[in-house]
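Chain naming follows the written order as A, B, C, D, E and F, and within any one chain the residues start at number 1.
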Amino acid sequence: MLSNERVAWFNGEFMPESQVRIPFRDSSWVFGDGCFDMTRTFGHRLFKVKEHVARLYRSLRYLRIDPGIAPERMCQLTEELFERNRHLLGDDDDLWVGQRISRGVRMVPGDNLEHHGPNVVLECMPLPLEQRAKMFKHGIRVVVPSQRRVPPDSLTPRAKTHNYLNLVLADQEVRSLDPEAWALLLDVNGNLCEGLGSNIFVVKDGEILTPREQFVLPGVSRQTVIDLAHEEGLPLREADIDLYDAYNAEEAFITSTSICLCPVTRLNGADIGPEGQVWGPITRRLADAYARLVDHDFVGQYLRRYVDGMEARPF
Amino acid sequence: MLSNERVAWFNGEFMPESQVRIPFRDSSWVFGDGCFDMTRTFGHRLFKVKEHVARLYRSLRYLRIDPGIAPERMCQLTEELFERNRHLLGDDDDLWVGQRISRGVRMVPGDNLEHHGPNVVLECMPLPLEQRAKMFKHGIRVVVPSQRRVPPDSLTPRAKTHNYLNLVLADQEVRSLDPEAWALLLDVNGNLCEGLGSNIFVVKDGEILTPREQFVLPGVSRQTVIDLAHEEGLPLREADIDLYDAYNAEEAFITSTSICLCPVTRLNGADIGPEGQVWGPITRRLADAYARLVDHDFVGQYLRRYVDGMEARPF
Amino acid sequence: MLSNERVAWFNGEFMPESQVRIPFRDSSWVFGDGCFDMTRTFGHRLFKVKEHVARLYRSLRYLRIDPGIAPERMCQLTEELFERNRHLLGDDDDLWVGQRISRGVRMVPGDNLEHHGPNVVLECMPLPLEQRAKMFKHGIRVVVPSQRRVPPDSLTPRAKTHNYLNLVLADQEVRSLDPEAWALLLDVNGNLCEGLGSNIFVVKDGEILTPREQFVLPGVSRQTVIDLAHEEGLPLREADIDLYDAYNAEEAFITSTSICLCPVTRLNGADIGPEGQVWGPITRRLADAYARLVDHDFVGQYLRRYVDGMEARPF
Amino acid sequence: MLSNERVAWFNGEFMPESQVRIPFRDSSWVFGDGCFDMTRTFGHRLFKVKEHVARLYRSLRYLRIDPGIAPERMCQLTEELFERNRHLLGDDDDLWVGQRISRGVRMVPGDNLEHHGPNVVLECMPLPLEQRAKMFKHGIRVVVPSQRRVPPDSLTPRAKTHNYLNLVLADQEVRSLDPEAWALLLDVNGNLCEGLGSNIFVVKDGEILTPREQFVLPGVSRQTVIDLAHEEGLPLREADIDLYDAYNAEEAFITSTSICLCPVTRLNGADIGPEGQVWGPITRRLADAYARLVDHDFVGQYLRRYVDGMEARPF
Amino acid sequence: MLSNERVAWFNGEFMPESQVRIPFRDSSWVFGDGCFDMTRTFGHRLFKVKEHVARLYRSLRYLRIDPGIAPERMCQLTEELFERNRHLLGDDDDLWVGQRISRGVRMVPGDNLEHHGPNVVLECMPLPLEQRAKMFKHGIRVVVPSQRRVPPDSLTPRAKTHNYLNLVLADQEVRSLDPEAWALLLDVNGNLCEGLGSNIFVVKDGEILTPREQFVLPGVSRQTVIDLAHEEGLPLREADIDLYDAYNAEEAFITSTSICLCPVTRLNGADIGPEGQVWGPITRRLADAYARLVDHDFVGQYLRRYVDGMEARPF
Amino acid sequence: MLSNERVAWFNGEFMPESQVRIPFRDSSWVFGDGCFDMTRTFGHRLFKVKEHVARLYRSLRYLRIDPGIAPERMCQLTEELFERNRHLLGDDDDLWVGQRISRGVRMVPGDNLEHHGPNVVLECMPLPLEQRAKMFKHGIRVVVPSQRRVPPDSLTPRAKTHNYLNLVLADQEVRSLDPEAWALLLDVNGNLCEGLGSNIFVVKDGEILTPREQFVLPGVSRQTVIDLAHEEGLPLREADIDLYDAYNAEEAFITSTSICLCPVTRLNGADIGPEGQVWGPITRRLADAYARLVDHDFVGQYLRRYVDGMEARPF
């Protein structure tokens, strides 16, 4: 009989999520010394697992952590995890599915630890479709916080590590000013950079621009949009983008694993993008192409949750 | 009957350490979104608990985390924790005793979590006296790694957070070049900054210098040395210190909670400090004053573990 | 008979304000190529005219503008201007009184301009006591905008020039997020800097701190507070202050010519300063000393305008 | 009967220039809080009005100023202004024709202002053909001043604002060392940037280089040269250019609205460009193409004013 | 009869090396105020003399030194020098052949110096084939030192000057940690830059990357690799490369005049490049193409010197 | 019989200067890999030899060069050198006397070098009293060049190394604009820094300011002025000084070994310092105190060379 508790994979075994408990001396709990990756399902089908796992192993290499599992096996386990949880999904629901790896417990003098190597967790989580529905209806409000994104020569933003306080605090700050807004950090040079798990794109003079990879997490959704633009014959370029570009953009949108892409309509309190509209033509076209690629109307999936007067609750 | 397993305090209860397990969706495991503080005992007596807890609450305020416990209560619990573990200590051993607080578990849509507020752990841990004995005999070798310390306008180094990857990776790098060396990062301006849990001091032209607080964790041991220097009538100043200062220093030493203070004898492969000696006169005098203050010969405690030919194993 | 229109002084003559009109090719209109200074009256008495005029001449020297008027004469004219407008003041009202100087009109080939040297205006303006009353009741909300203050090696913030767009746009941005908030810019190093016409102070560990002069306008009110702290025996220091300092400050306040000093109660959406209070003890003590110095209850003057439910309208 | 005074357009009306007078509390006079744009005529024909007006509206959007006039109307008014002044032009003369917009007068408490919205001026001005004639004969001497160009994250150089003190003071400094020299500022990274109203180009290894748009005003003449190079099959690239490039350049030239393009022959006191010649082959070819495009021998127009021994008087 | 002492060319004459002595007040001895260039022979044939001499004259122009010799003559003298020393070369040996030019002796008041203009030396030197043999067998270990490369706006790295202390000290530091390792400095932005006389390349996602020319000496070997990649149809791009790129690179190699190109196998103590192999496929392919271009098996020439257990002695 | 050629000391022997010849492969000739120090005589008496030699050994330690001579011996040799050259001095003349040390010749494979360790030269040189006379009569004109001083984290300016190209090129640039002007570089933060062998001081609001030691050579003359100010009861502080400070300074002067201290009267083409006077009261007072300290009227010594209409020829 199938349980109605989600299962996770933890150091070699599938088990109910509530049983996945981390020793408190784990390096990721005490130092954020770990990394992760995360894909989503579209209509109950996993998306680009291989690409996400490849990025996970680049993060691991940067951190000098050997997870003791080959990438191919990591992909298989990810898929198996999803299969084991699939029966819990509502028809119009979908999941995040991801991997998390810490360096493991630091040895304590005199201790006889059963396990001190990497702690590996594979998990899945329902997408917050309802909480984000309003953004697809009215667009995202974005605010630049006071913090600059950690510079690459301190800690690369390209590794998806468990050191995300810089981004978390930016979000805290922005939401205490506007509870529905998203934080968009500038990089060390004052260019548009990224938010917590999100990449930014602007359309300027008919060209699609996104920050250079050196300063941001190279999102898989970001790459998907880059590829789709190429296929659609839309010019797209990585560039140093600043607020002058953004205020004068014809359109702007955000990508992330869960939202795919969603329009931005306000930046630092100023309206940006197409006058009086949420979806500009390029954003719309890329969203349609994205939906075709994943064979799933992700925009509709969000909008079906929307009810007048509801608030966006950034998850 | 007293157990021979150490106990910790976890969200309201004392329990054996092995039972302290963190849900894997805790913000500190996934984002390093938490902070900590840590003191040590000297001859089985706790040191400056109040100062450490005060710093903990400054970190919490910066992170906008409310732990739900008043500072005074945090001090009491820390002391009680130590009392409950005291019987496990050998005569010449001592402990780290500290607090760790995460923002808590991020809610998952549809989940019914029993506890999602801050996760609070109080813990103690034997000091790695043996592993560090060689440093007190021969001095510490210090190497500047390739990373610059995360700049204050990205994430302040003054809060003792769980986002320490920048420091952890620096240590990894340096130890892969010299397994006994400690990493000393430069700050964003190229000045001497700090290592993982350690502060640096140099003696130059008879004056003791240490990096300005803005760029480092304001260590309690660092402050103790500052106060002792004042009492001893030794001139001491916070300053921008660079490698020219360090190479020409008469002496250099490191402070941390566990080692108190310990001489540095080599920097980037060059001998520094007093020629042919490990302990310079100022370092010695401050160590003696420190020992008097804590009424405990901490240097002797380390040196008693030293055996010829043993290696330093940075913990 | 006395007119009920305010008069100004323009290039040698007193005249009604409505007659002071600047040629549109004036360098200050087309380049912001000019500078100004501004004091206020307290109970119809001018405050530190000489100090303001001295700063004006430092600005002029930096701009390489010769106003053609000696500083002493500038002081006399300022006082005369006030006398000529005094009869228009209500009993509980006060004025800004200041000087503005542009480099003058750029010559146009072939033109025969009557006047192309510096354009000099002396003016006065009623203080916006009502608009700012709420701030004295409830404290000021401060938000860090996306712009960094123009760095000193591009254009010094110490000269009070007519190039204030950097500050104006910061204010625009912050007020579009929170109409009652004030912008506080960070400097090029990420330290607290200044807002449009305002300086910031924080009280930390019993010590009063304010940003180093190199990065801010050295406000006359700022200097007055520095002098008063000295007289009151309160420790005060110019320092590099960052957001960690501010979030952990015991108190914070802003100074400007018109508000003198007023408490800050919220920074980037977080409460700062004394818990549950608007006025901390140090801020209160300095305000009292300020009032004694100027022999005028400026706080009461503002608070008398306050009506429940009114909004702060940053002027 | 036609007047022999130039007319301007001011807030809705055409009037003699001498009647266009700005209230002294206008935001652009007191803060430089406004922006402008400017084209020129070639043989009494306006050049790229639409492109200039489009840039003006990008500046306005960045400043969050709504001028209350549609761009199309702004173009018409610009053309009408020129027509109304055309009869004053000598056969071999030409005009600057431009628009200037301020945010308007800041309200004064209690005042009843007739007009406090944006102040809009359209104006024209004879080109200083004689003053610049020597530059076309002997080339321009360029000097790097002590100031760095204001960085984009303080205030974008791409908006043509009324905050030009950084550029004005650079010019003052350079001309006090060499009255005929032009200032060329470096950007915040030490790369060649721009001067007051001018863009720089160098020819290096057969390729034409100009600073990246992010750091400079995207001059319409600059864009014209970019387009012409493309049409002529000459390789051209936006790049980070530094002084090493410039000293080793085969050619260098400056573009601006009034001079179109003019060779640079000396940089920081060193000869640069083609040995013993003013005009290098690429500069000459682009100038010829420019003249064909505008159907006007602008170089000849300048050179006809040249008289031996005359000085360049930078306008 | 041929001498068995090498000859050099000094200020107009060929003479035995031991007779080339520089006055101690020469600007290059006291200020490093000079520059140089250096090619090598392959199988007793000179390589790209013209390209090296062209770069030398770009350095001279940047330094504002006129050597008093035309570039063509400099090439002829270089070739003649080699011919005069050829008889000293062993069959499997080769030479560095280069030019060095100082600004000359600073005049001393009252002195009557015979020669105070530029001092020009042309020299050749046997390649250290044996000392570098191990690197071709086992790959190069590279370490990032504490120094950042001198930024271009202080002194361009593109001129091959006699001011190499920044690079020399980096080498000293790295070799005191690992006597066989090479220093690779980061630039002012924290990107990979260059070492003493060496350029770095990484292969990432099938693309060859090398730091942008602005921050490095544009090595002739570097350019040769760029050209060969182009001919081989291998994608190659100048880019901002950081340590994340390097740790995740498929391959990495270094180029210099003497070693041409040689694989890097370790960076900051971490293995990089193809697992368990010294030569990756792209590096091998480029080395083969290089060998074909110069018609000389330079790798074999080095490897023939290799003896088990020998150490690399960076020259 | 005494020779009328000056003698120098070279690697162990005194010899005529013309015989001191450096092998062209010496590290200081090819890399500027060496350092020096230099004092002067006052009325035929050496000044602070010990302080200069102490600084020399700090430079050597930073460069990791062991000269093989103890500091005390270096002082003796310096004095002996002076004695051996004293008879060549005119009554009103004086000398520079200094030491120069290179790392030595890099070994060439297969070579049998007689000497490859450090090359050490002690030398003396007549002061250019005549060339600098005009500066004492009319003050020094100072110009900020385009280069920024090399930052301390690339190569410390505190070591007096043979890598002075950054300063030499600054001088070249400034003198090609104004043959009598001195270059004053800004540091990496845009603050006043230093020139080739000279330190800057400004007097502001009655306080003497000089750049912080971290960014400049800590000149012995600079330290002498600091000490004299202290003795005279004049407030003096190391500080970040920028151009705003300098333009508004009451006085400014330069110190160097040869000139001791000399007033600055013009900065970037603007008059600075006391109106209409060369020597301000503080500068004069310090010069007098300096003269008393060295028991020598150094100002008079320079002024006696001055002839109307002569030019300053910066040496």
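Throughout what follows, a contact is a pair of C-beta atoms (placed from the backbone, for glycine too) under 8 Å apart; a residue touches a chain by one contact, two chains touch by 3 or more.
In this text the structure is predicted, and so the values were computed from the model without any measurement.
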Margin query: Counting residue numbers used by both copies over all numbers at the interface, does the chain D-chain F contact come out same (over half shared) or different (under half)?
Written below: same
Notebook entry, point to check: So which chain is farthest from chain E, going by the mean of the CA atoms in each chain?
Noted result: C
Margin query: Centre to centre, using CA atoms, which chain is the farthest one from chain D?
Written below: B
Check: chain A to chain E: how many Å between their CA centres?
Finding: 45
Margin query: Need the CA-centroid distance for the pair chain B / chain D, whole Å please.
Written below: 58
Next item on the list: Could you check chain E for residues that touch two or more other chains and list them?
Entry: 64, 146, 148, 151, 153, 176, 186, 190, 243, 270
Note to self: Applying that definition of touch, give me each pair of chains that meets it.
What the structure shows: A-B, A-C, A-D, A-E, B-C, B-E, B-F, C-D, C-F, D-E, D-F, E-F
Next item on the list: Would you tell me which residues of chain E are touching chain B in their complex?
Entry: 143-146, 148, 173, 175-178, 186, 190, 243, 268-270
Checklist line | chain E residues touching chain A - in the complex, by the definition given at the top | finding: 186, 189-191, 240, 242-244, 247-248, 270
Notebook entry, point to check: What residues of chain E sit close enough to touch chain F in their complex?
Noted result: 8, 10, 17, 20-34, 36, 63-64, 100, 102-103, 106, 108-110, 121, 123, 125-131, 146-151, 153-155, 161-169, 172, 176, 188, 315
Next item on the list: Would you mind writing out the residues of chain C in touch with chain F in their complex?
Entry: 58, 61-62, 64, 151-153, 156, 158-159, 212, 214
